[in-house]
Amino acid sequence: MSSDTAQYVNPVGQDLPRLEAREKITGRAEYSDDLSLPGMLHAAVQQSPYAHARIVSYDLSAALEVTGVVAIFTGDDIGYDYIGPFVHDETAIAKGKVRYIGEAVAAVAAVDQETARRAVALIDIEYEEFPAVLSIDEAMAEGAPLVHDNFDDLVRTYEADHAPNVMSLMQVEEGDVEAAWAGCDVVIEGEYETQAQCHTYMEPCSALADIDANGKFTVWSGNQSVFHLQANIAQSLDLPMSKVRCVTPRVGGAFGGKMEQTIQPIVVGLTRKAKRPVKLTLSREQDFEMIRSRHPSKVWMKTGAMKDGTIVARKVDIRLDAGAYGDDSPGVAGICALFCRGPYHIENVSVESRAVYTNKLRAGAFRGFGGPQVAIAGETQIDEIAERIGMDPIDLRLKNAARPDEEWLGGLVLSKSAMRECLTQVRDASDWVKRRAAATEPLSNGKRRSIGIACLPHISGILTSGAIIRILEDGTAVLNTGAVDNGQGSDTVLVQMCAGALGIDVEQISLATPDTDSSPYNWGTTASRNTYMAGRAVVGAARSVVDQLKERAATMMECALEDLEMRPGGFIGITGVPDAQVSYGDISGFSHWVAHGPVIGSDSLAFDGENFDPKRGFIKGFPFGRIGAWIFAAQAVEIEIDEATGKITPLEVWSAHDIGKAINPASVAGQVEGGVVQGIGFALYEEMVWDTGRLANPSLMDYKIAGTMDAPPNINTILIEEPDEFGPFGAKGIGEPPIVGIAPAIANALTHATGIRLKQLPMTPERVLNALQEKNEI
Amino acid sequence: MSEKIPLSLTVNGQTHQAFVRPTDTLLHVLRDEFHLTGTKRGCNQGICGACTVMVDGKIVRGCLSIATNCTNREITTIEGIEADGNLSPIQQAFLESGAAQCGFCTPGMVMAATALARTNDKLSDDQIREGLSGNLCRCSGYIKIVDAVRSVCGGDAV
Amino acid sequence: MNAPVDRVWEFMMDPDRMAPCVPGCSDVEVLGENKYRANVKVAVGPIKTSFKVSVELTEQNAPTYAASVTRGEEGGKASMLTANSELRLTSVNSDETEVYYLSEVSLVGRLGKFGLGMMKKKAKAIGEEFAESFRIQIETPANRAKVG
Amino acid sequence: MKLHHPRSIDEAVSLLGKDGEARCLAGGATLVAMMNADLLAPSGLVSLRDVETLKGISIEADGTAVIGAMTNHVTIAEATEFDSGQSVVARAAAVIGHPAIRNMGTIGGAIAHADSAADYPAALLAADAVICVAGADGAREIPAGDFFVDYLETALEEGELVTSVRIPAAPAGSVAAYEKFARVEGDFATVSVAVMLQENDGAIDDIRLAVGACAPVPIRSPDAEQILRRDGVSDTSIAAACEHLAALADPVDDFRGSGGYRLKLIPVLVARAIEAARNGGAE
């Protein structure tokens, strides 16, 4: 059973294949839409044709006459039971008003897909159309129509100033920015615009719900937190949480898009009325129109520096287009404000960051969580400064890079961070100096090659997690955390850590699937926190298990507790006496059948880093408390530019990360490679386009993500392992940073080669060509 | 609603039968009638490639194929790629290279890679990327997928 | 238009004479003061459909300005369109009138998800076809007589 | 709703004659996508799968290449039968969508759908192709230039179907190329240019230049070609020629690029297409 102490290999740090790889490559992995239950009904939804309107009435008669229709769910079936992570402003399905085109207004459950679709179209809804606000400027204009006219009455979980259609204003003030400009030799100022990016997880949202004889619901769906989902469903349908059980089958990607509820409340609402299992799976088009996107943003930024490269001051105004519902917007606006300083030491900083309601699809969490919106402004201004003072961009960054021992905005301590190593290693690995110099020479084919750099701060951690480990009779173990693996590989990493902490093999651990009935708590697969937070809980639970094993072994071997040691391979032995040992199997059998009872270890924790220091500076409206361990990255991208068409082709990427410790280096590389290519999509290809209030490209035909021919053939992942003192085995998270620096690195490479500076994303061939022609006209 | 008619298809060497609508797609029939859910529905417009299956050995889009037009054809899905319970070389390579992340694109990707591997055993990276260009993946950045395919049918020419 | 502003106005306010100028328009019904209903056939290649539209004059200042809202839907609400239109007539001289017509059309549903660029061109083409047949209608002597 | 499997063209034609709303099912690559998007709901489908006479490529005595309507893109892309001028069609076929789409899609289905941003239309125009169709009143031949009528509209009458595409032998020694610019690989073209070129020590004897995705139908300008024949290939002659092409263009504004941008791309792609043709079709 357990392997021999001598030949035991600790799985931590090993490139183990995913635990579930085999089921995924054979087609056996089950995602929500692959599930079905006896008597299951199929659902379809009707979407709002108006960007802003009052729902006057529903006429369900025609739909109800359709044979095979079992239940209809509309706003009339619920009260004003609002949900939302920061502002409670959203209901299970549109009620009273619709606030964006595509919003779900009515749903039908019927015996089959076709019947449900036919019937839902027959629901006749009378609307009273209101004027809509379709942009940040329209929304903030004097006397603009209000997206939420009852905003003042809504529950908010944060303290921030607000204004008409402005749900939150986050303010940061350190030093004296206005006074500081005087001492600057160079001042760069600019306005930047970023677009709505669609998560485009490959699995469109799908949910299946069932109801038992006691009125308890079970919900299978793709999500990033069964627990958060359970709360959202219960609250939005006025159910006790004990009547809602959430389970997670395989999830086909999420990237932030499935952190809040998607369609689960609608499916449970239908199930409640139908008293039968109901499944709803969105079409790709509906998923585009209905769920959420990355926040479009407008960022004004001004940065000042001295001749020697010292960055003295930065002032920023951030406006996020939050769409029709609050969702994670105040949080994203807060992170924008906290990250827009960049990973630098800047004495004087002043930031205002607003989340603004508009009558468009809600924006929410998306890998990077505000980082990409401010990085394009901040990191291109650093390059502009470098150019103006004639300094190498990497040298300038190194000169100003925040030191591990120093404090971040608001007084958060960086502790161990490898910002500088990220920069120097990218410089060396990319042969930076040589490629930078070569960039000025046009190639034989008339195109140009260039390389650019960007670096970034992020955080890993936040909030709470738990873990339970139970030793089975034979000495193998069950690990249960409730952490959802969206495909990034956290299941494997958590099991590797559990095995490593217990000194046994991964094959000897069974991982429980996330289930609100049986799993301990995990706030969510978000904020790059599973490895860091769930991992810490796993290590804590393992420690407790080992203590219990020793206690029982002491009884078995009639020795003192302190004489015992854990031995790799699943043994507890007497220190200094090699053959005096008992296996976990023996101990567990003894515990189950003789004394002490089963070995069950658990741990529960909240992120316990420092909070803001009110004495240090002025911070108002930040909706989080302690936000996690700081992680840094530096990314260089080499591109080829076709100056005749404006097309930018990414050739190679170097991405260095302050990872603490890579529990599974191959898996980390996979995260980096995927994040980098999403960053390339954000930089070059992806943009949700609205036309007269409607999303005009809600399909993979018209909204383009990178394919094999559009992604760079070479992505070099560089891992800097400077162990974090609290991280499990010293590890920190990796999920988000890889997406953040790509757009600014490409923008900087473009400027280096051509002199043009794009301030709007994506950098489409058309925008590049227009800029090149404007430059040549001057 | 149009009348359902009996349909018999050969999938992975076995005969499957169901009553379907004449316009039902192969993807719909595989998943919802034959309960072969390994083939995924990602866009239903032929763009993402998650529904890639083989018809007479050639990869096609399950979502753009009319099921009743696939009679008298040999249909192969991800469920038919393993050889007597063993992973195929491509599947083995996907396993070892860590090419599957969320796994939703993986069945289609494995089908496209399998078809590619059958064409030649000396493919350049460009040929591999071209061969997989119709299959979108949002997790991996394609690096490990291309690594996996290269390890099976990559040539010296790169 | 080679016609006096009053006649252009009168013509434009008369659904029975306007309808034939709108491509594919049929079954015009007057619902009441400044409210009409009609059926409009549209085809984009093989995609052939018809919208039940209702037009409401929301503002009028004879004989120079009118604003209207047009709402329409395909059977089964597969697509819905909303058009906010503005008409301005300026008398150039006794028998010439400058006609300014602006219509912002918004299309949601199945047709709103498809071929943005092409659909815009189609809408523009329909608008031009309308303008042309309108001009012919109002400038033909026969109609002059009717109105005069 | 019924799906038919005729075995001959006549059988297919009579089936189409019986039901005006029925549509031909070729590869399905475009028709089924539109059905899935609820854009089309044909009352019947006439599958051409089993009509063997519609498949394959043959060369007639005079060098004319005859491509059966049911020949898929990959077969055309890999065909060795074409002369170097006719190969413009193969070059276009090679960049349609992705491998699975090229396995499914057929030339007949693609041109009957007549997407203005598709790849065949410009190539067929440059190749002086003739579209052969069959209907209740018999067969007829339509020059590519007359076949494409408007967005998604062709000269096909109700009840007619495309049976083959005839590509005349290109002038001796002519070369060809197809240049496509797209946002990402495999997307529909933002602009595409097909060229067939016959040169004799520097002088251009014959040139056919067609632009795709810049108008409801592919465009060709005799004046543009005249300029290039007269002045030879130079930046100035290309610029002058492209002004004539631009005059015929009426590009859309959408996420693949604004009309203005598409016009800017025409001279760039024309120059590259000519260059590529001279280098044997390779860039």
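Observations on the structure shown:
Here the chain labels run A, B, C and D in written order, and each chain numbers its own residues starting at 1.
Methods note: a contact is a pair of C-beta atoms (placed from the backbone, for glycine too) under 8 Å apart; a residue touches a chain by one contact, two chains touch by 3 or more.
Everything quoted here is computed from the prediction, not taken from an experiment.
Chain centres were defined as the mean of their Cα atoms; on that basis the chain farthest from subunit D turns out to be A. When the interfaces A-C and A-D are ranked by how many C-beta pairs touch across them, A-D comes first. Distance between chain centres (mean CA atoms), subunit B to subunit C: 50 Å.
Computed centre separation for the pair subunit A/subunit C is 49 angstrom, with centres defined by C-alpha atoms. As a whole-number value, the distance joining the C-alpha centres of subunit A and subunit D reads 44 Å. Between the Cα centres of subunit B and subunit D there is a gap of 29 Å. Shared contact sites, meaning residues of subunit C that touch two or more other chains, fall at 78, 113, 116.
With touch defined as above, residues shared between interfaces to two or more other chains in subunit B number as follows: 21, 44-45, 130, 133-135. Across the assembly, subunit D contributes 33, 37, 98, 185-186, 254-255 as residues in contact with two or more other chains. Interchain contacts (touch definition given at top) occur between A-B, A-C, A-D, B-D, C-D.
Residues 1, 21, 31-32, 36-45, 47-48, 50, 77-79, 81-82, 87, 91, 94-96, 98-107, 110, 125, 128-130, 132-146 of subunit B are the ones touching subunit A in the complex. Subunit C meets subunit D in the complex at residues 44-47, 78, 110-111, 113-118, 120-122.
Of all residues in subunit A, those touching subunit D in their complex are 285, 644-645, 647, 685, 687, 689, 696-697, 699, 701-704, 706-710, 764-766, 769-770.
Interface residues of subunit D, counted against subunit A in their complex, comprise 33, 37, 98, 181, 183-187, 190, 254-255, 257-258, 261, 264-265, 268.
Considering their complex, residues 23, 34, 37-40, 114, 116, 150-153, 216, 250, 252-256 of subunit D touch subunit C.
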